[in-house]
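In order of appearance the chains are A, B, C and D, and numbering begins at 1 in each one.
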């Protein structure tokens, strides 16, 4: 099956590695994508704060172009895009007034919106369409022993839990277990990373991200796996600031239960996209997967070392 | 010791404000709020807010427009929707926060150089004008408009991003920009018509974009 | 003249008259509940209480339309909940037959409605009545008595002379 | 057009009730009275403040005499409320009570409309239809049916027990049917009761034994009602008695079999102790169980394999039972058929399934408990003998009690469960007493509206129990600062202080709400009752008939009607018993004469009515080839009447002519 593909702005910028790893992984699995013609910004959350109706118009332009492209479904890997596109669908369904405005605007571009194109997330697609068994078939280098804190973030499970459990999502857990990883118990799976606040009000924003990193470390994770470019950015790119602010805080030593160690040095835990991990297991190269773009990059040798250590 | 007057008089209320917010699609359930505080309990950012989300709900319902639109709460909402899915009365708190943010922007209710609304508006402008957003440019503009010193503090991050190819040097944009402009013009015209028909009531005038 | 004038179309004051047959156990009780809960709905229905929706004789419905009702609403218990085991199913069967017949008579299907409303569903009484009134108002008056009178006239009055003459000659030829 | 016009024998009195302002505020009652006065055959037309009052009724009686009235129409509230009142008044005035018709202009008019003109116009139309209809009424005889004096009580919780005892003490025979192996219900599981802190067992056990010993009570535990036929006064009920594999009459409750079971140690989760304790395959639910009879669980007993008898066990239990021979592995379920005149339904409630709120961590974190589990945990005869030992082996030093779990929440149950505030406070007190832990109550509102309840709240405040007004969003186990490590963390807004707090605790107690049983809908159908939107059984009138149902002769008691505490359940059970006694002691009931009959001269003998009747009341008279309706079996639904092709069936009170005139009356243009 061929899908329309909506990359969104982040996947062309700070979140390039997500696209770089998603596309080859899907290629290996035989999923065909066609990038949406002349797509525009989804309307994202910041836009909604200024003008909700216009945000809807922007989102529905993408939805309408996808309908025109003729593929049955639209793939949106970025959580914010995924939510905004879905929210727009709900909103248009609920409010005939807004729908009328949107349709009128769309006519300017000879577009119409019928609401018949589902918006899908890659996690959903991989688990429910491709299937875990199929993915297992393509694993060349299982990431045995790699301990993962699976971090889903907010917007793919809230407010609409479309394909996973709102409280305890498991699609990524299952996917990564299929490629050999081990999940640590991570109670903050769906806690907020601070969103765009990290850039605007660093104090509260960074704290949100720091809590997520610290808990993953305390739980003994080697790597944090994410599904959203903004989450990845927040967890990955502000480590210096976090170390400055909270590096002196202590946590129970993962190796010795009675001792406590400062959290600072541990904050360099790699934060990657789940697709990068799948790509590694499929035998794709680090470079192909954009792994060098991480601030605390996870390289294949590191993982291989762990494998030999575990053995 | 500084003393602060905390009493509220009836004249402090902008009567009708609460009703107006509750009449917006998606915000209706606010009338059912029982002030249980589930929203504040769940909100990861409530610890930084001047009013907790629960208090914002009550202040909105009770017409304390100025207090609500000046509060830091509405800007600190990172739209994680934790409150919305747990609210026992199914109030869509996140959507109400959006509604309040829109009103605060349109009516100029926020401190100058406060980065969040600036970012929101710059995001709006850039996506409106170019059809897409290039995050690093956006962030740069925001810092220039709010706090140049902070921008200087960010240079290391910028450099690190640049080194890893995550800092595009070219602004993204769509091909058919005029198409998007025409679409937006339709919305503008319709909302002005609605204004003239008196659909937008109360407050310090209706919605004007880009108030500063 | 009293307040209630016969409904007329065109002058804007017309509003539909709907006869409702409610079963004693579920829908009539639900309408009582709507009252106790002070729900507000359109004042266009006039209710006749029967013990069971199964008692609704097709003749009642025809009589109502013939005497000038713009709509007929039947309310019974939900399937499997009938106080008399299965009276509501009997009504459902009749309803489906009757609906076709009324359609043939040129009565729009929005004018004839069967709803399952349990004793707890006061809210549903309100929404069903409001919805029905809205739809029938959009359709305009049915005025079956007027139509019947027209038909009667067509049948009894002599046809216009221009057309009648050739017919007569045709008959003469035969 | 008007067939009634010429009928000079009909003399109608019309009365429109103001109902204070309930009707008069929205309907111009004087205009209605004036309008009706001009209708054919109307002799008197009045409006009056309260028609249902004594003076109102006397007014009708006086007019009947003075003006020689022979038909009465009252336009007031719902006939379901006062038709009976007015019929009696009419009868006392010397008329046949069925020369009366009631028009509903309150529930169906003044309360639901907002435009006075429209509401008045509607009232006129309804009144006009009533006038037309009543002219057609005929005198009818009320049918008297004897009431069987025996009573069935369904459910052996505190409500059922109290109802059964009340009836038995007044000399009535009672069947008490309980689904579980012992009566006692939820109350038997409680440790203490609020606000007096009486030991639940101490006040319940004597009543349970009394039930077991009372000569007028037939106690069928481990049994379920599967079928009910008939009508008030004459119900036929089928009860399924599930096999206990122990003969009740022979078992003395010595429990020798239990100590000799091949399982030396209890191994299987014990439902009575909320699965916190263990029992053997042969067991007695709890020490005070009534009846004192053991039972065998075929799912786990070695002598069975998945419920099927295999005889593989060497059966030391049988040996231990010895000559009493009470154990019978071949016991089969039994169906008992009984006749009763009245039924009291007291099937109780179930507690909210906390699995529906995963955010509170039940099942994920071992130290999260439901309130009912804590009742067992603090109980001296519970699984830990009253020691509050957590699942992780520690004693709690701090405890959070979360109120409103599965109550006041549109995502789960919307209603307030009424008892949780009070039982949470009771548990707070008991936990404090047992553990001296720091205790936090997280509540939305404290609802303590009972005798001595507010005083109990005061007492708790005195004891230093913390009350934090805020609904908990989630319970987690991640630490933000070292003091939280290894604890359950409750993050909540203290809404009264206006700050968000993080409170680490060792134990979380979820105050689960009350909800209808999962099979409440089946029970409702079984007894021909209604359920409210929440799924609790619906009472006939929320204020004036709180224990009656819409089916005559069937009454409600306890939490199956709505959540309530023990005093209210007992009071309601007493009321239900009293209602049943009224019927029994009257000896007969009067039945609405709305049965149908066949006009033989018009019947063609087509037999189409016969299969329609759900009560097999219709048969074909073989000699005459005409249909015949057995009046005793007819329930008056009128389905056959509507279906008769020749129109030869007539339903009393709902004759075709009556309904046609009602239709005509409703649609006739109002012109005066």
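In the analysis below, a residue touches a chain if its C-beta (ideal position, glycine included) is under 8 Å from a C-beta of that chain, and two chains touch if they have at least 3 such contacts.
Bear in mind the structure is a predicted one, so any value in this text is a computation, not a measurement.
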| item | value |
| --- | --- |
| C-D compared against A-D, more contacting pairs | C-D |
| Between chain C and chain D, centroid-to-centroid distance (C-alpha), Å | 37 |
| Length of the line joining the C-alpha centres of chain B and chain C, rounded to whole Å | 52 |
| Where chain A and chain C are represented by their mean Cα positions, the distance between them in whole Å | 57 |
| Set of chain A residues in contact with two or more other chains | 211 |
| Interface hub residues of chain B, defined as touching at least two other chains | 47, 82 |
| Contacting chain pairs - touch in the sense defined above | A-B, A-D, B-D, C-D |
| Residues of chain B defined as touching chain A within the complex | 25-26, 44-45, 47-48, 75-76, 78-82, 84-85, 92, 94, 98-99, 101-102, 105, 115-117, 119-121, 123-124, 127-128, 131-136, 139, 142, 156-157, 160-161, 164-168, 172, 174-176, 179-180, 182-187, 190-191, 207, 209 |
| Interfacial residue positions of chain C with respect to chain D in the complex | 1-6, 17, 19, 24-26, 28-29, 31-32, 34-36, 38-41, 43, 46-52, 54-60, 63-64, 67-69, 80-81, 83-87, 90, 94, 118-121, 126 |
| Chain B-facing residues of chain A, complex | 9-10, 12-17, 38-41, 43-54, 57-58, 61, 91, 94-95, 97-98, 101, 104-106, 108-109, 154-155, 158-159, 161, 166, 190-192, 194-197, 199-201, 203-205, 208, 211, 237-238, 240, 292-295 |
| In the complex, chain A residues that touch chain D | 167-168, 187-188, 211, 215, 218, 250, 252, 260 |
| Interfacial residue positions of chain D with respect to chain C in the complex | 31, 35, 78-81, 104, 106-109, 111-115, 117-122, 124-126, 129, 525, 528, 530-533, 538, 542, 550-551, 594, 612, 614, 635-639, 641-643, 651, 654, 656, 659-660, 662-664, 666-672 |
